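Same chain, two partners: chain A is paired with chain B first, then with chain C.
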Partner chain A sequence: MSMSVATTSGYLENLLQGRSQLPASPLAWFNRLRADAVERVGMLRVPTTRDEEWRFTDISLLTTLQFQPVHTTSHLQAAEVEHFYLEPATIRLVFIDGVYAPQLSTQVPGVAGDSDIVITNLSAAVSAHATTLEPHLGRHAEFRNNVFTAINTAFLHDGALIIVPRNVAVDVPVHLLFIATQKEVASYPRCLLIAESGSAVTVIEDYVALQQGVYVTNAVAEIALADNARVNHIRVQRDSGQAFHIADCAVSLAQASRYQSTSIALGARISRYNLNVQLAGEGAECTVDGLALIAERQLADTHTCIDHIKPHGTSRQLHKCIVDGAAHAVFNGKIMVRPGAQLTDSAQSSRNLLLSGRAHIDTKPQLEIFADDVKCAHGATVGQLDSEEVFYLKSRGLSEMTARNLLTYAFGAEIIERIPVASLKHQLEQTVLEQTQRN
Partner chain B sequence: MIYQNSKPLLEVRGLRATVNGIEILKGIDLTVRSGEVHAIMGTNGSGKSTFAKVLAGHSAYEVTGGTVMFEGKNLFELAPEERARAGVFLAFQYPIEIPGVANNQFLRLTYNTVQAQRGKDELDPLEFDDFVREKMKMLEMSPDFLDRSVNAGFSGGEKKRNEILQMALLEPRLAILDETDSGLDIDALRIVANGVNQLATKDNAIILVTHYQRLLNYIVPDYVHVMESGRIIKTGGKQLALDLETHGYDWVSIEQRAAAGA
Partner chain C sequence: MSAVLQNLVNQPYKHGFVTEIESDVAPKGLNEDTIRMISAKKNEPEWLLEFRLKAYQQWLTMEEPQWPNVKYPKIDFQAISYYSAPKPRKKLGSMDEVDPELLRTFEKLGVPMHERAALAGVAVDVIFDSVSVATTYKQKLAEVGIIFGSISEAVHTHPDLVKQYLGTVVPVGDNYYATLNSAVFTDGSFCFIPKGVKCPMDLSTYFRINTEASGQFERTLIIAEEGASVSYLEGCTAPRFDTNQLHAAVVELVALDNADIKYSTVQNWYAGDENGIGGIFNFVTKRGLAKGINSRISWTQVETGSAITWKYPSCVLQGDNSVGEFYSVAVTNNHQQADTGTKMIHIGKNTRSTIVSKGISAGHSNNSYRGLVRIAPTAAGARNYSQCDSMLIGDQCSASTFPYIQVRNNSAIVEHEASTSKIGEDQLFYFAQRGIGNEEAVSMIINGFCKDVFQQLPMEFAVEATKLLGFKLEGSVG
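The block that comes next holds the complex of A and B.
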């Protein structure tokens, strides 16, 4: 699907028109960041399948949709959205079509009283926390070569800001709930999580839709872990089946910090998730797990890059796709081990299950190793259910159908069960159950 | 134990089977009656595990000749799950790991499926929990194994105990234990064997497929069969297993060839 630069630059220019509604920030560096991003958009184009990074994912359809951010925000009552809430208590920030909704957001008592923890809307807090934010905002999610990240940054305004101070553990999960309510709009969700030295937090980045419809979500998250910090990041993309979801997440790990990521892709007509994890300090550890469960004509593309920069880093990755109907899953998992990153221990596994003859998977492990004393294991499988597993269950009295349903469910549940938030885990187990059962 | 006038449970006549067109079983004859314990021994490649899998209905093996009657019914007319419900149980040599499914869910699902087929009451999760914990005590298994995924990350011995736990729950008429002793240390072997002995009644029967005699110190067989090249070439009492342990398998083949030549 070819598209000339001229056409896509017209598309990009139109997209940026919506910026006129944005209020200017009192902070010069904040305005400059947006301006740099605008300038960058002008130099970039929308990628096509001729670009290596987009080989399998044709987004030309997206360039026919000139959606703008919402003009009038939907005023929702809690009753309309509380089925998205997680029990028991979470600290919750809610964004409606990208706009912060204070009336739906909560803070759990105890945490609110602790003036050091910041969990709030970015645009409101940027002045108060400018010195903390400036070294991080827009610094991790690189927009030089990523047009979507550049556009998101050009629209920088509302977003989730989490700052966990030194040696503080946030004892309830933080739920960042992005609700799409309007058709034919674009939203630019943004998250910035700064986990200071020795801190710990669990964050759920959750994209949901109140109704079906075509809309575009272009999300960017930046996560910075200082020494010994621990972050558990759960990402659930359950957008409308007609939506487009393009997202970029950049994570930076300092010495002996630990980042755990579980990303679940269920929704959207076309979705693309870029996750870049930099192990920038010695002895950093990350676990990067993913599940795409798609059907019909959905496309879910996950591109991850785990970049071992310093010695003694550990990374573990298990990415799974369950693909039904005429859906198409893409996984590109890059593991980079830089010359200085001796004694890196890395293992990556891509496992894929095709449930229909028309389903399609492209998986590509990509190892780039420039250090000599490292342990890097990787493997990829694509296929149907294992006949030995089916036989085992049948030999216990289960019918062929029950055996297959159970194994398909288990295939997805292996990722879901790693989620440490029980209510979310049960919700997602139910979703997997519903989508994998035949009779 | 051998009981006078007990009914034949399994009658195998001239059983032949192939895998990928290669004949592995070349005419097996075996009768197993209620209450009996049979050991099938033999070297690697003699066909003993294939025999076990053919009885359980593994689709990789094609039956090319002979008959197998189970309680008077043609076993080959039953799908693997129907055999299980009718009371055939295979303890796997290599039990399958199922990450993502909790062991207690799996055990309850299989238990209730088989119970329903037998016209018996199913158990709800709470009732089942009490029931299964009782069975686990017999195998000295920690209740922690209920919450873990099926066999995932279990040691070899833990997997084998989980197999015998399933046997205890499903109460088969015929249990075929395929190399259940392999990979077990002496304590685990004793525990597993004790469990099997407690499950043996005059109404069921056990076929032990094994390489080594040591399991038979704990589960004493009524009959020992030696398999070679897809046939049973010698049948004896428990003494035969001890003779095999002392003298190896060669003398049996030599004796058999001499008999065939005569």
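The block that comes next holds the complex of A and C.
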């Protein structure tokens, strides 16, 4: 289980070799950011279960895989992937194995017009928007102590870029579609969303696989909300059941902004999602919901940190896990209330359903409070379906199995119903239904 | 409002004085010779010396834990004296022969031994620094077959029992401080309740640290055989000193089939002054093994003292249908730090556990609850309910909650709840409306907040605890 530093540093060196194919950027700060990240990787090591943050998630298997990223653009045609498309998401950026696919992506309507919305791939826009990007890119997603974020940043080249200008509301959801098509490759997806003051946008970050197979996704997303901005962020991870998915998302909220997040984890052999939300302005609000629905030998690990830095912040969190087979779900939800963040109102709930005798859960809702005039509560439950609820449905003529499926479905649906995009909601409801009926 | 609160909080430590008794103190430092010296002084059998040396060897390879949410300067283990005993004048036949200075100390602490023993029917095994000085009611207990006394005495009188159970609940290499304790423990209590016996009175011990710069390393072992039951009280105060004193005790409880052990603690050791200078480092390992079916282990603690508290009274629920309970009130003020909680390890079928933890932090203090509920794959039908509430008084303190929940059996039900609150202006206003002043109102609110725990305490402790909280927090709210 414990690995020597020597072998993991060899692993990290090998991973970084793929960087040699990256073109240098014309921007000095961009190159410096990458160089900093490379240097940082050299100082860090791959975490083991002896590290508190990775105590329940053993990723030693990952260090045996030294996959390199793809650099060539895919020639995949729309017909092969359009079943992943969502209605009415007419704005879509598609990445195949981490590489931008312009032939599948849609142009942003009115990008040349007066609204100035930017929804494009990062490398195409980085020079034109350098001054807007510099204070955000690589500044929110901390890579000092996170080796995976550092690796992603070391490979920083392309990605999804969304800039919503002041007082503009993007009226259709933006679909960021990351499709895995090849086995034994690594991809380093990157998203940057800048919501300027008073703007509003809904973004769907969607990870899908065209076929089963082992591959590694190491994704980083950064979301910056200026005063009064609103972002609805839906994240769906439906990677291949053999894949590894490690992701980091950093969100920064300015005064009176509102961030709503719904993350769904269905795929991957081992997945880890770090979500860090900083309420850095007064009166900021966030809702952070999550659902992990896993079976067989899957492991889904969600670590969230909601950091109340300024007063009058509100946060709500509901995280659910449905665990079947010999799967293992991990949840660590930290709520931090910093000195001076008075009148914070925070509530967190971790609810877990174990469907099989071999499934297991490690949950840790965590509160760290440094201000006295606050309202903070958290709760956690672990159990199986309530026998009285099952009995009630049976007394109405449902079979035991139908009753159980219905209750399991309802347990998961509570999260899915919060997704504002009807087509995606429908897709996910179907997935949950299929998964529950499989038993 | 805060002025009254300040007053409440800033009450000086009432038990700060040093008793001048000639002490037999070992030179500072720790090595194999120190351990041999302790063992020789206590005239111990060979197996116990081996136990100590094995622990010492293991301790040398271990590192101080870094994970607790507390900060303190590095402890120099070589600067501590590991043995200190009041010089015995002669064998004591009765209470009258006890050093009058010592008796006066207890009186100052509010524990008039005769009175307390007589009125409350409590047998007190007095530990003064490290050696048991006097034991009352021994005779009465002996009649029903209960063995209650110091552990060093038990090593001679009942070596088989000590040998059979010592280190079975907290193994020699359990953690850094427990291992250190295994190597250098000087004294502590031993209690054995034989089959079917319900202990006729509450057993009590009174810990006190006296000699400056001498760490105290108690070892307590309580065994309740089939169907036995006992309630054990431990109360602590310590005099005022400016150098930090290390206290690393180990408490082991063993409950066999249908046995019931209730262990209550009121801890009010010197917490350091208002600037965080001095105070006791309280690094304690307490664990109970509910070994038999239907056995029950219950921990109740009121932690108000110590500069640093690092303590997790735990239950290993091995027997089917066994029950574990943990009721705790932890109060921190000034620069105190507490990282305390419990572990409930469910192994047997239908095991049940309850955790009720109330943390109150004031001043610049830091109060953490850290708990673990683990349901093993074998623990079918296990049930846990945990509740952790924190109250913050003032904006310079902090409260943290770290509950680990690990479930490996799908027929188990685990529930955890936590909340944070403060004493609200509206609550105080409500009291004021009814003619109740701030100070009294605060005391009532705090007592209400802690009620669930105080109810679990034996009567005389409940009274003491209520008072203790009152003067601990005097002036903190207003």
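Quick note on the criterion: the second predicted complex is superposed on the first by the 425 of 439 C-alpha atoms of A that agree within 3 Å, B and C clash if a C-alpha of one lies under 4 Å from a C-alpha of the other, contacts with A are read in each partner's own complex, and residues count from 1 in each chain.
Rule of thumb we're sticking to: a contact is a pair of C-beta atoms (placed from the backbone, for glycine too) under 8 Å apart; a residue touches a chain by one contact, two chains touch by 3 or more.
The structure displayed is predicted, hence computed values, not measured ones.
S.K.: Mind working out whether A:411 is in touch with chain B, chain C, both or neither, as first, second, both or neither?
M.R.: first
S.K.: Please work out whether A:357 is in contact with chain B alone, chain C alone, both, or neither, and reply first, second, both or neither.
M.R.: Only chain C is touched by A:357; chain B is not.
S.K.: In the superposed arrangement, which partner chain does A:21 touch: chain B (first), chain C (second), both, or neither?
M.R.: neither
S.K.: Applying the touch criterion given at the start, work out whether A:397 contacts chain B, chain C, both or neither, answering first, second, both or neither.
M.R.: first
S.K.: According to the stated criteria, A:339 is in contact with first (chain B), second (chain C), both, or neither; which is it?
M.R.: second
S.K.: Based on the superposed arrangement, let me know which partner A:368 touches: chain B (first), chain C (second), both, or neither?
M.R.: Touch partner of A:368: chain C, not chain B.
S.K.: Should A:380 be classified as contacting the first partner (chain B), the second (chain C), both, or neither?
M.R.: second
S.K.: Give one of first, second, both or neither to describe whether A:145 is in contact with chain B, with chain C, with both, or with none.
M.R.: A:145: touches no partner chain.
S.K.: Identify the overlap between the chain B-contacting and the chain C-contacting residues of chain A.
M.R.: none
S.K.: Spell out the part of chain A that touches chain C in their complex, as residue ranges.
M.R.: Where chain A meets chain C, its residues are 52, 56, 339-340, 342, 352, 354-384.
S.K.: So in the complex, which bits of chain A are touching chain B?
M.R.: Residues 387-389, 391-400, 402-403, 406-407, 409-414, 416-417 of chain A touch chain B in their complex.
S.K.: Sort out for me which residues of chain B touch chain A in the complex.
M.R.: 56-60, 79-81, 83-85, 89-90, 92, 95-96, 98-101, 106, 109-110, 113-114, 117, 149, 166, 170
S.K.: State the interface residues of chain C toward chain A in the complex, per the touch definition above.
M.R.: So the residues of chain C touching chain A come out as 67, 375, 377, 390, 392-422.
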